[in-house]
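In what comes next, chain A is part of two complexes: it sits with chain B in the first one and with chain C in the second one.
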Partner chain A sequence: MFVEIGYIAIGVSFALSTYISIASLVGGIKKIPELIVSARWGLYSLPFLLLVAVIALVNAFITNDFSVRYVAENSNLAMPQQYTWVALYAGNAGSLLFIAIVFSLLAVAAILSIRKSLPHSTPYALALMALVLTFFLGIICFMANPLERLPITPADGQGINPLLVHFGMFIHPPVQMTGLVSVTIPFSIAIGAMLAKRGGRDEWVDIGRIWGMISWLILTMGLLLGSWWAYTILGWGGYWAWDPVENSALMPWLAMTAFIHSIMVQKRRGMFRMWNMVIIIVAFTLSLMGMFINRGGPVPSVHSFAQSTMGWLFLMFMGVSLFGSLIAFLLRMDNLISRDKLESLLSRESMFLFQNVLFLIAAFITLWGSVFPVLAKVINGTTVTVGEPFYNVVVGPILLIILVVMGIGPFFPWRRATKSNIYRAIRVPLAAGILTAIIIIAVGIRQPLATLAFAVCGVAAAGIFNEWFRGTRTRMRKGEPVWIAFTNLITRNRPRYGGYIVHLGILMLAIGAIASSFYSTQQDITMQPGDTYEIGGYTLSYLDSYQRKYSDRDEFIGEFKVTKGNKDLGLMYPKQSFYREFRINATHAAIKSNPIEDFYIIPSEFSNNGEAIFRILLNPLVWWMWAAGPVMAIGTIFALTPQKRISVRLISKEEENKRNL
Partner chain B sequence: MLVLIAIIMTVIPAAIILYPLIRRIGSTELLKDESSLTAELNRRWESVVAGLRTAELEMSIGNLSEEDYHWIKNTYAKETAQIMEAMELQDEEEEELMKSLELEIKKVKIESVDGKLSGDKS
Partner chain C sequence: MIPAIFFTAITVSCSSTVDVPYSVERANKLNETVMCPVCPGESIDQSQNPLALQMRDIIKDKLNQGWSDQQIKDYFVEKYGPSILLSPPRSGVSLVVWVIPPIIVVLSLLILIMAIKSMRRNKVRSDGLEQINPSPEKISEYSKTLEKIINEP
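Moving on to the complex of A and B:
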């Protein structure tokens, strides 16, 4: 009966969200406060209804209720109980329900945060959020209900996709899906303000920036967790393959990165009003594109577990929302004329604009690379693969220029700067960059592109540390002790210094990516138990191999003893699991990771006599990429923490006279 | 049982959305306007303060020369003056509006009291 209750909850949620979108829009247009409050209260009750549906589905998983189609397709008796959570969003219907509940919670939080500061824009923003929710709930109700019953109950289910049986799956898919759908919040706030004929006075900018940064952080974490999952479970030694689904998450991230920077210009100078609207529309469209590709889009991908035939619905919704947003934009363009103009090309504003353009170019090239194979197939009937070499050649240099801009951009003051000023501000970072290049060449690294990339990272890192040093020193001159001076420096301008912390995270990510892309060592070796092999200063001894049988899979495990010099690094167990039902081989790499390099063993093939083929990789500095995640999270949260505001209140003449007395 | 639960699950959200309509809740909903001049002036004031703070910081750490700093400071000072002037004007307008409103209210009160008195007499 629990399942039926959940079923009803989904139906009521759909009806309710339809009502919210209509009531809110009508309330906003006709200025009927009661209708607006009614729609808002309706939104507050939505998460509870969806929670009932989620509990019903979780209960069906826990009780192995295989009469529910989704449970039968995504779990079996052998599935470890803790993977019930993963199974919830392992397939298309469940992931849509997950997106719906997460989005309803985000929408509630967003509406609570804007309803007092943006009373006239809120009804429109709410209507847009509810419209997106109605779309998801409509699909769940009519096309992919995770609580749908089967006519005949099977004795056991098909089981969860083996690739999802990994710790990373507890967090990567939910964070990634939340990230994609969270772009809707700043989009709704911005477009809501525009529809309400607000926005021309930057009303929505403060709160839009906050939600933009929250969305950016979730997208960043989703991308990093996905890379970590690919690195540890997919067993090919890499973390990023320019797979269409990876690209689909990267594109909105690029657009959102552009947005959270350019919104600062609008906040400070009342400029880029149209530009910011365009960027947030692009980001929202790309996030829908991401969901489209993920959910049965036409591009083949490693993320096939979430595929369905309803990708085209997402494409249609994307087209309609893009068309609608552009029409609204064109109709309200007159209201979005900038307050100020660019005063100089040598200014922070210009750097933001330049960086924005680069981000958007990178996003569109990635989009082009992702959809080109499909277009080629449709137009010419030819099969074209756009892979890593294309992106490395085309997107790689753009990302490098973005790193340069990230390094030197913060030295450009707002409004205008003189050349001598800029030179004075960047001479230390430039010297550090040259020194980095010299050191890299001196240690024997001769690849020009890698040297250049590291030098750019040197410029950016030196710039940040140099500014921290000079800022602290200035405060120390006023008599503050070093730590107090440093703390005061960064806490009194949180958006700026939070941003620097995020930039440090990006640099850590870049250093890991550059080092592992250019200097990774790879060796395929065939070994018998008892064999020893030396690579990059490591000695690995293949001790033995085992085979274990489980109800759903056969596991082949290799046992290695690894030493580096005289240091014993312990035992390593790379393994391969063959899932009989799915006919899938899941490879679990064994990794010894430290800040210098990762020692990575992937089993390729096991034979009965114990002989096996292994791929050994030495990936330098990859550890820094995973460490970058928490750094970026800390930086973003720090930048978002509220700061004391200096408000102005004019005093009346009588008050002034009283004070003077 | 299932029918009862279905009814409850439908009735509760329906009651939640109907309550504000029946009780006419939300009269203060659209009173404040984010696009009002006061709100705009406050935002501009905050952005000028932030700009001045940043310029001072940039100057102290050497990103900004004395000359550029003074130019930026003067520009912001002009903006500050404009904002304060606008605020003052608005305050005066508001004060006048309030005074005229008070006068109107007084008039209405006097008229109603007079009306009552004349009614009593008749």
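Moving on to the complex of A and C:
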């Protein structure tokens, strides 16, 4: 019964969403307020309709209603109840429903946030959001309905993919999917403004920037959580493998990073109006590309669980939206002429532009590497793998240059700078970078690439701290005590100082990535219970191994006692779970983590007499990568907190509108 | 203080060299370049699949027999085809994958330079500031506010 109600709710929401897009667009073009209002209220009611469908699905899971195909395919009687939430988005149809409801909520929030401040472009933005939603709901309705019934009810379901049964899975997939779809919001706001011929007024920029940063933050968190999940469960000691699906999430992140920076130039200087439109179109296209690769992925990937045959639909939608937005862009280009011109190569504007180009280059090369195997197959019939070594060589250096730009870019003044300005601004960071290199070489690190990379991080870190120090000192001269001076400094210009905090997070991430990719130690060893092994100052004793039987899996657990020097680090339990029905092995690493290094044990193979192969890894500084997550979140939120602006108008608002400035 | 922590962490963790036999290090490096044929998107270094374990053993054995890295790679290519290697070969069709990225970089930088040049001589839209002619009261109000912002603690 519930299922039928949910089924109807999905149909109604598709129809409603179609109506919203048409009504809003027509209302916007023909200036019919009634239509626009009806579309808006239609949107407000969509989350409720979709909630009905979600409740129906959850209820089917809880009551083990295997007559519903999706439930039968993604759960079974043995599945623990709390995994209902994971099962909800474990398969294709359910994840689409999840995306639809999350997106409808985001769209409601977005429309509420812009409808007063951007009355002219709201109908267009609403129409665009509704179009995207209609696309998802159309697929759900006609091709992948999670509430579809099976002709014959099976006695038990097939169960959930065991790789998904992990704490990281509770949050990584939904956050990542939310991140990808959330790019639609800044896209709609920007393109909406452009369609309404308001692109030349920078009124959309503030709110567009806020939504861009929200989307960026969600994408960032999705990527980090995914890496963390890979690190703890995929069991090879790494966190990033340049897998096609990872790439497909990285590309929109790169483009959004470019966007949230270049939008600042438009906010401050009324420049880059066309460029920002291009970037947000690229970001949106790449996010659709991400969903396409994840769903219809033509390239093999560890993420193949949400695979389906409907990749081509996403590809088509991507093509249509790219084509459509480019046409719209060409038609509206005249409205997008900048208010000001670039004055000098030595200016913050140029640095932003340079940074943008680097990010887009990184995104396009990643895209190229991801699609090349498909191209080669289609054109030449050969199968090629483009994997980690390729990206390390090709994208690695670009990321390093980006770090340099991050280090010195913020110290270039707006408009134009003289050479001596620049020299004064970057001499301290540069000296710090050289000092870093010297110290690192002195303590015996000889890897030239690693030394260079650390030195670059030194430049960027010194730049940020130097700026904080100088600002605080200036305020202290006016008699403020240290902490008040510092707080005042960073709260007076939140976009800037929030940005610095995010940059610090990026540095933590970079240092973790550099250290762990150059200085990780890895050894596979065969051990009998009772054996002891020493590596890198750690002593590990393999005490025992035992087996535990569960309804769905057999667990093989190794028990280790680990000491470092005289310090007892306690017991560690690396384990391997064999899921009988799926014939899949899931590995759970045992990790002792601290800011210096991670001690990491993965079981590779257990044999019956307790003998087993273990992989021991010493991964330096990985702790900093996970710590970077909260730092970046705090920085972003700080940069977004509203700030009271003192403004004086030289002419009144009405006058300004009348003169159409 | 935070930079100091950073520093100590870097130097402590990266300078402590752990003695891993050269052959093990070489085997690990090779494992990272060979794909696991049955596990989608994972190298044999990453995968804990029995086949991957077997292949790791093969690499260890071949290294002990004195095979070179290239010989081992060729051995796998012969057995499983060229897609077994994670790094596409720098010859034949796959050469294209290596050639395009530098072209992308050069082209983008060229476009950037041209864009900057054209932006510098570009016409700009007037923001109408010159036709505002604000009243003297407005101007003094404006400068008062500015003063206030500058002088506030």
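Annotations
Everything below uses one rule, namely that the second predicted complex is superposed on the first by the 648 of 661 C-alpha atoms of A that agree within 3 Å, B and C clash if a C-alpha of one lies under 4 Å from a C-alpha of the other, contacts with A are read in each partner's own complex, and residues count from 1 in each chain.
As a convention for this text, contacts are C-beta pairs under 8 Å (C-beta built on N, C-alpha and C of every residue); 3 or more make two chains touch, one makes a residue touch a chain.
Keep in mind that what you see is a predicted model, and the values were worked out from it rather than measured.
Of the two partner chains placed by superposition, A:A72 touches none, neither chain B nor chain C. More residues of chain A are touched by C (comparison of chain B with chain C). In the superposition on chain A, A:L35 makes contact with chain B only, while chain C stays out of contact range. In the superposition on chain A, A:V102 makes contact with neither chain B nor chain C.
In the superposition on chain A, contact is made by A:E467 with chain B only, not with chain C. In the superposed model, A:I408 makes contact with neither chain B nor chain C.
Of the residues of chain A, those at positions 200, 270, 646, 648, 650 touch chain B in one of the two structures and chain C in the other.
Residues of chain B touching chain A in their complex: 1-2, 5-6, 9-10, 12-13, 16-21, 24-35, 39-40, 42-47, 49-51, 53-55, 57-58, 60-65, 67-68, 71-72, 75, 83-84, 87-88, 91, 95. Chain A meets chain B in the complex at residues 1, 4-5, 8-9, 12, 16, 19, 23, 31, 33-39, 41-42, 44-45, 49, 52, 116-121, 193, 197-198, 200-204, 206, 267-270, 411, 413-418, 420-421, 424-425, 467, 470-471, 474, 492-493, 496, 645-648, 650, 652. Considering their complex, residues 200, 234-236, 238, 241, 243-245, 270, 299-304, 337-343, 345, 350, 353-354, 357, 360-361, 364-365, 368-369, 372-373, 376, 379-380, 382-390, 394, 398, 436, 439-440, 443-445, 450, 454, 461-462, 465, 475, 478-480, 488, 511, 515, 518-519, 521-524, 535-537, 576, 585, 587, 595-597, 602-605, 613, 618, 620-621, 624, 646, 648-651, 659, 661 of chain A touch chain C. Against chain A, in their complex, chain C makes its touches with residues 2-3, 5-7, 9-18, 20, 24, 28, 32-33, 35, 39-43, 45-50, 53, 56, 81-88, 92-94, 96-98, 100-101, 104-105, 108-109, 112, 115-116, 119-125, 127-128, 131-132, 134, 138-139, 141-142, 145, 148-149, 153.
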